[in-house]
Amino acid sequence: MDSALIPEGVKRCSFGKFIFWIIVVGAVLLWGVFAMLLCWFKGLNQTNMNDAYGFAVWIWADLAVIALGGGAFFTGLLRYIFGKDELKNIINYAVLIGFICYSSALLILAIDIGQPLRGWFIFWHANVHSMLTEVAFCLSCYFAVLTIEYIPLILENRQVDKVPFFHNLSHNMHGIMAIFAATGAFLSFFHQGSLGGVAGVLFGRPFAYREGVFIWPWTFFLFTWSAAACGPCFTIFITWITEKITRKKLVKKNVIMLLAKIAGWMLATYTIAKIIDTWYWAAVTVPSKGFTLMDFYSNNPLYGIWILVLEIVICGVVPSIILITKKGRESSFLLISAVFLGALGACVNRWVMVLQVMAVPVMTFESWPMYFPSWQEIATTILPVAYGIILIMISYRYLPIFPQEREIEQIG
Amino acid sequence: MSTLDDKAEETVEQVETTKCPEKEQKNRACGIILIFFVIGLVGSLAVGWLIFPKLLYSQKKQPIDFNHVVHVAAVEDGCESCHYFREDGSFSGVPKLAQCVGCHEEAQGENPEELKFVEEHVTKGNEVPWLVYSRQPDCVFFSHASHIKMGKLDCVVCHGHIGESKHSRVYEENRLTGYSRDIWGKNLAGLKKDTWDRMKMDDCAECHAELKAKGETVTTLPWPINWMPRPYEKPASSQVRVNIQKDACFVCHK
Amino acid sequence: MKVCRRSFLSLIIGGAAGTALSPLPLKLMDDSSIWSQAWPWTPVPEDGEVSHVGSICTLCPGGCGITVRKVNDRAIKIEGMKGHPVNNGGICVLGLSGLQLLYGPTRVKTPLKRVGARGEGRWEKISWDEAIAEVVKKLGGLREKGKSHTVACISGTDRGTVAQLLGRFLTVYGSPNFIRIPSIQDSYELTMHLMQGVQASAGFDVENADFVLSFGSGLIEGWGSPVRMIKANSKWKERGKVVQIESRLSNTAAKADKWVPINPGTEAALALAIANVIIQKSLYNADFVKNYSSGFEEFKQMVLNEFSPDDVSGITGVSASTIESLAKSFAGSSKPLAVCGRGQGETPGSLNEFMAVHTLNALVGNIDKKGGVWTVPDPDYIKWPEVEMDRIAANGMSKARIDGAGSKRYPDTRYLLDRLPNAINSGKEYPVEALFVAGANPVYTIPDSKAVKEAFNKVPFVVSFSSYMDETAVNSDLILPNHVFLERYEDVPTPVGLQKPIIGLSKPVVKPLFNTKHLGDVILLMAKAFGGQIAKAFPWDSYEVCLKETLGNKWDKLINDGFWADSNFRPAVWGGAFHTPSRKFEFVNKGKAESIKIEGDEKAYPLILMPYDSMRLASGFIGDPPFVIKTVEDTVLKGKEIVVEVNPKSARGFREGDQAILSTPKGSVKVRVHHFNGIMPGLVALPRGLGHTAYDEYLADKGVNFNELIGPVEDPVSGLNAAWGIRAKLTRA
Amino acid sequence: MLPFSFEWIWDLSHMVFMGGLWYALTIIGLGMTYCIIKAAVDTCKGKGGHCGH
Amino acid sequence: MKEQHKNTKAKKYGMVIDLDKCTGCGACMAACMAENNVPFKKDESNKLDSITWMRVYSLTNGKKFPEADMCYIPRPCMHCEAHNGHAPCVSVCPAVATDYNHETGIVSQIYTRCFGCRYCMAACPYHARYFNWWDPVWPDGMEKYLSPNVSPRMRGVVEKCSFCFHRYQLAMNKAYVEGRRELEEDEYQTSCTQACPAGAIIFGDLNNPGHAVNQIAKPDPKHGGRPMNPHAFRLLERLGTNPKVYYLSSREWVRRAGDNYIKDEGKQGNH
């Protein structure tokens, strides 16, 4: 039925099956949209956030998807700036995932703010000293870059490409993509960092506060670093899932291996940096404010020291070791476990840097406030996932996302 | 239908791109395109400049047609005779009925508006629901005291020559925001010639910035208003000091 | 047709260009951004001329001066009146929220007549003429039948012109049953009456006291005139000491210089043990005891025999050494003051305890002295001609009071409202055929709510004069709404506990908002409708005329300053202060001080439930307005559930925040448990002032009314309610 | 955000921050403009593989 | 000219709250709500979404009966000066909806500018900032008592204590009309200060040695305003927020509860 739209030389499932799944995921999407509309029209009382949890699951989701979307900028950086040419075979998908992640982040931000219609104040009346301003600026600019990177892909659709103007446009955009990628990397570096800065500058919150250099706290660099490490992990992980679902190989192994190796080294160095940071924070920064490390991890039912072990050891040390060893990378099981853990590590880190920051009581006479998201929050957080799946489904079906697919298919 | 159209267009395109089109045809096509462009341009300009303002503002008449000239002539202290400062430093703004009754217990002349005023409001004790041209949004805190008493500003600077009006002009209310048109200014394009043409935040800022550029102490007011009739004698303004620091937002907002 | 698409495109581009060149986009953008910053549904308060009106707050008997800020006709904020002798600028949380009562949704806006069943809340709006006619018809009928004494009236106060008019009306109509809401005032009046032979209220010169020994009084929690007491407390912080004797770490205890935990209900014994030490060590004021008191020797013997510190230590749980040191520091201070009356003083309490504590004051000779307890006569400005009763009235007035006050059993007690429900329910006395309620909310404030409601249901005609839809109003047949305090004139004589007589004047700050009428005017109208002697007793055209006439030359000062203080007032000198038969202070010795036994069986109910009071919980006839209920902590109220305090030791497995059933012999309710180390093990404390069923959605159905869980316990001497707690148990929900 | 807004202050942080922003926006804007214009020119020149096949 | 400058020396309005005198009566809370048009809703027992610019916390010494002790601590906005006005909340606000007024030392909050990102709430360790989770609704007729001096907020914005800045503005207006530029101490007092029945709250210019706040707290300008009065302390001083609200207590455990200390850590923070 839609065969004219499908890229040449590749096989896709039947249109019926495709539509069926679109409807299934679409239902979830609609549920999220409903919750989103509730939040917009009735206000944020629809959530379980409160004055202690001014930032909650949304901000976590925001930070997490941006970290996971970091695969786009880092792969782009490697491909266009450092000339890792093999990566051209996965860059499309990395861009697509990045596009989904960033658009989701913007959407969540639009739901999260109390007065969405005034959201543009962050640009118009910008306070340049606020990390959030930096986030908003770089985020939206980089989203523009991602859109620019994604457009040529759309233009490469068989039917669209027939239009000469679009064909030329796509061609020209490819031509100067390196410039865009460089700008993107620049922007990305700053907003990933400033997301880390969001928590790190809070000198009223000893759990989050980090010392640093110039205006940037250490978390600024750690966040960028972890995004560069975990983003590619997530790209590999999603590629693997896509391969499992489509039941075919889409990217050649050497590409995956290269990306995994780089991600592994990034993750390893990040983990070391994170350990040093944690140690310095626990030994120097925190005691100077009158706290001990365990003040942050005890006397509450949820945020135990396990969370630190999970973040640093299980999601940091373990996957780093797997990914930097050749044997580890080559075992499919270990590789996938490692990239999953790596991606999880970023999520846990963002969780801690958002929710635990809110939970730790600072005044001595306060207690740990606990929080569980309302269904509206959960639905709106799942909304981007559903949206991402749909966009991947459509893009995969109609666009030449995987340049090697045809080749592999012919060989296979 | 649509499929037919598509096909038709496809053929047209093919004709245009593959075969070399004839000049005349092209010119004619260009002409038509241009005409449509002009139609769009003119139409939207008309909408934007003529129809849109009519739609945006509703026109309201003041309950009583007020003659400032007569009143200014009759009172001794100019504007401040009726628009005075209260003891607590607040500004009285538009006079209340109680003030008017001082003179208008009974009609003083035969002006139908005055008769109406006495009949409908004075005798019945109903306040006049004046429409205030310069009413600012609720979020604005404006201190008349600091501008008039300390800044020695003339009323005219912001309110223009309302003191010379013989009739109350139509009050235009923005249907979207509910505010008076005077805030944005009569000129829809937002252009202004005189200081009193507009009352937006930028206008406050502009004036303060201008004074800043002139140094902290301002000896003369920075606009040519010497020829204007002054409701009260302008005091020596050598001590006028204007707030020029970038101040906290809540100095003007509440 | 051929160029259709391109032309269309061209049209769009032209349109876009034209629009961009017009002010439309910028203007629209600007306007919508303005719109998004000032939603039309957010109220914009009107600005205008600011004025201030001085008045008196009558939300509690504290009598604070207030200054109401107005903008045009609207009252904007209530503030404390600077220079007022009671509160000098300070104001309490309830007083601050008064405007929420004025403008709030609980107002009764017009006379209402019940159409549904009692308490169902279905009303018919009627006119004032109809309403008054209805009352007059009903009362007239009773009077004709010679049953005028079956009319009773519950009033929040018996002082001031309005209460006096009400009492006068009842007298001339022919009923002896004017009943004041009970409080520690009853006990103090009785104490003064028995020991000093005066009919006066007790005033406390707290500002000048330098050692305050408080037997469970919530000095800073609403006892006396709240703001004044809190101000005094601040003075004590600078120079003075406070010792709080209480089984729970109340705010007063926490702020006191010393907190002495005591087994509840044993305060009288402790007071007498302190007296024991004072007498034994001859620390008492010999001049006073020798020259101005009588009965000291018997008292001395009784105290020395029965209240040695060691014995009392066993009863009270206060160590003998503590008792001794308390006695020493009390008697050793230059201006010591002992006070009692638990919490805010809403339960009268055991007379023995009051007399024991008052004895301490006598021993150190601080009666009518600086920093002591003063005898405060009522201001005597109400000098109306004696009423002339007709035959029916005289006949009615000769009947015994239904509450038993003034009877042989309780000859000295003036009002016994707590006995009224039982009197009605038991049917032993005559039935009550009609009941007026003014300035009071007995359905809520009288203990044993079940019995109170039952009694109300037995009264065929209940008239409420409440301004608000409170529990009593809901359970009445007719509501004749009074103006609220910010809409009416009213004289407010000496606030409770003040040591000098003053008069305050409530003034109409705003014009009455609704179709309400001043209670004084309603009484005058009723009297006029009756005619005859009744009408004759009320020769005024309106309440305002009556008030002006009554206040005479004080009126101008009251209008200008808001209050009038008797500058000539001095405390009585000992020589002429006492009007007992001996003309001396009587150390009244009525045998062994019986301690009040509380209701309930210890085995079935291992715990003791006690109420506690808080400034943030109005437990009188006014319920918490929204602002006040907002200040209530979540360790008191959580959602709709009330939180009870228990010591972790006696929590018996109930964890913090657990749900539980709290049962007493009177009833059981669902509560949440809060562990509090400041409460004595074995006790459960429940806040008073919650559990309203009427009022607005901000207050109704939140928590539990303490009075549902407790019944009155009659003091054997006075008949007043002396219950200080009740046995209770906590079980799993 | 714009230098002519009265909130604008010429200080280091504004210059660095806004400088970075406008730099990025300029690159994105110019880049895209270049691509679109060039594509349009190319199309007019008759380039574009698929056309007319 | 020079003299004028001297006269208009920057103020630093601050508060001293005497915790020995504070009885926890809640008057300051209600006074604040009534003055500042603070909304209320049906259930305010969840203190995590209950707007109370001034909130009275209660703290206990953690000991068992009968050694247990309790103290109330009213907490307005601390109007942190931090370093040169970079209060925790001010520097993070992305839209300049809150800023530090160097002339009075008051941290402002502009509701119409705020778009509700709540970053300032995350930054404030005192929980002094409140979000309007609901549209404010006054029962029919009750909006009559709303004060025109403070604009009612809308849903989705953050609000907090302003030290009743509108009172400063109004007092200044009066001064201007009388030809003055300076205020007397009693001309500008916050609503809570005025209402407090215990007189536990004192308000004034910390920079002015003639004002009671300065005399009592004795802020030490060399050490970031640390109080020189041994009974005075500030909340969470160690975080470097440099708050302008000082507390007084004669009880050591209360003073120690004002900040975090590692067990057995010397009492250098509190003298």
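Going by the order they are written in, the chains are A, B, C, D and E; count residues from 1 in each one.
Please note the rule applied: a contact is a pair of C-beta atoms (placed from the backbone, for glycine too) under 8 Å apart; a residue touches a chain by one contact, two chains touch by 3 or more.
This is a predicted model, so every value here is computed, not measured.
Innermost chain of the displayed assembly, by C-alpha centre distance to the whole-protein C-alpha centre, is E.
With respect to subunit C, maximal separation of chain centres occurs for D (centres as means of Cα atoms). Two chain pairs are in question, B-C and A-E; the one with more C-beta pairs in contact is A-E. Taking the mean of the C-alpha atoms as each chain's centre, subunit A and subunit D sit 26 Å apart. The distance from the centre of subunit A to the centre of subunit C, each centre being the mean of the chain's C-alpha atoms, comes to 62 Å.
One inter-chain figure worth recording: subunit B and subunit D are separated by 37 Å, centre to centre, where each centre is the mean of the chain's CA atoms.
The distance from the centre of subunit B to the centre of subunit E, with each centre set as the mean of the Cα atoms, comes to 38 Å.
Listed for subunit C are residues 32, 37-38, 44-45, 47, each touching two or more other chains.
Shared interface positions of subunit A, defined as residues touching 2 or more other chains, are 115, 118, 125-126, 129, 133. Residue positions of subunit D touching 2 or more other chains: 7, 51. Looking at the complex, you find that subunit C touches subunit B at residues 2-3, 5-8, 10-19, 21-24, 26-28, 30-32, 34-35, 37-38, 40, 44-45, 47, 49-50. The touching residues of subunit C, counted against subunit E in their complex, run 37-39, 41-48, 71, 74-80, 87, 89-93, 96-97, 99-100, 102-105, 220-221, 226-227, 230-231, 233-234, 237, 249, 251, 254-255, 259, 261, 513, 615-616, 626-635, 637-640, 647-649, 676-681, 696-698, 702.
Residues of subunit B that touch subunit E in their complex: 85, 87-90, 137-139, 141, 143-146, 149-150, 217, 241, 245, 247-251, 253-254.
Only residues 123-126, 128-129, 133-134, 137-138, 141, 144-145, 148, 161-169, 171-173, 175-176, 179-180, 183, 186-187, 190 of subunit A touch subunit D when the two sit together in their complex.
Here subunit E touches subunit B in the complex through residues 1, 4, 96-97, 99-104, 106, 108-113, 149-152, 162, 165-166, 169-179, 181, going by the rule given at the top.
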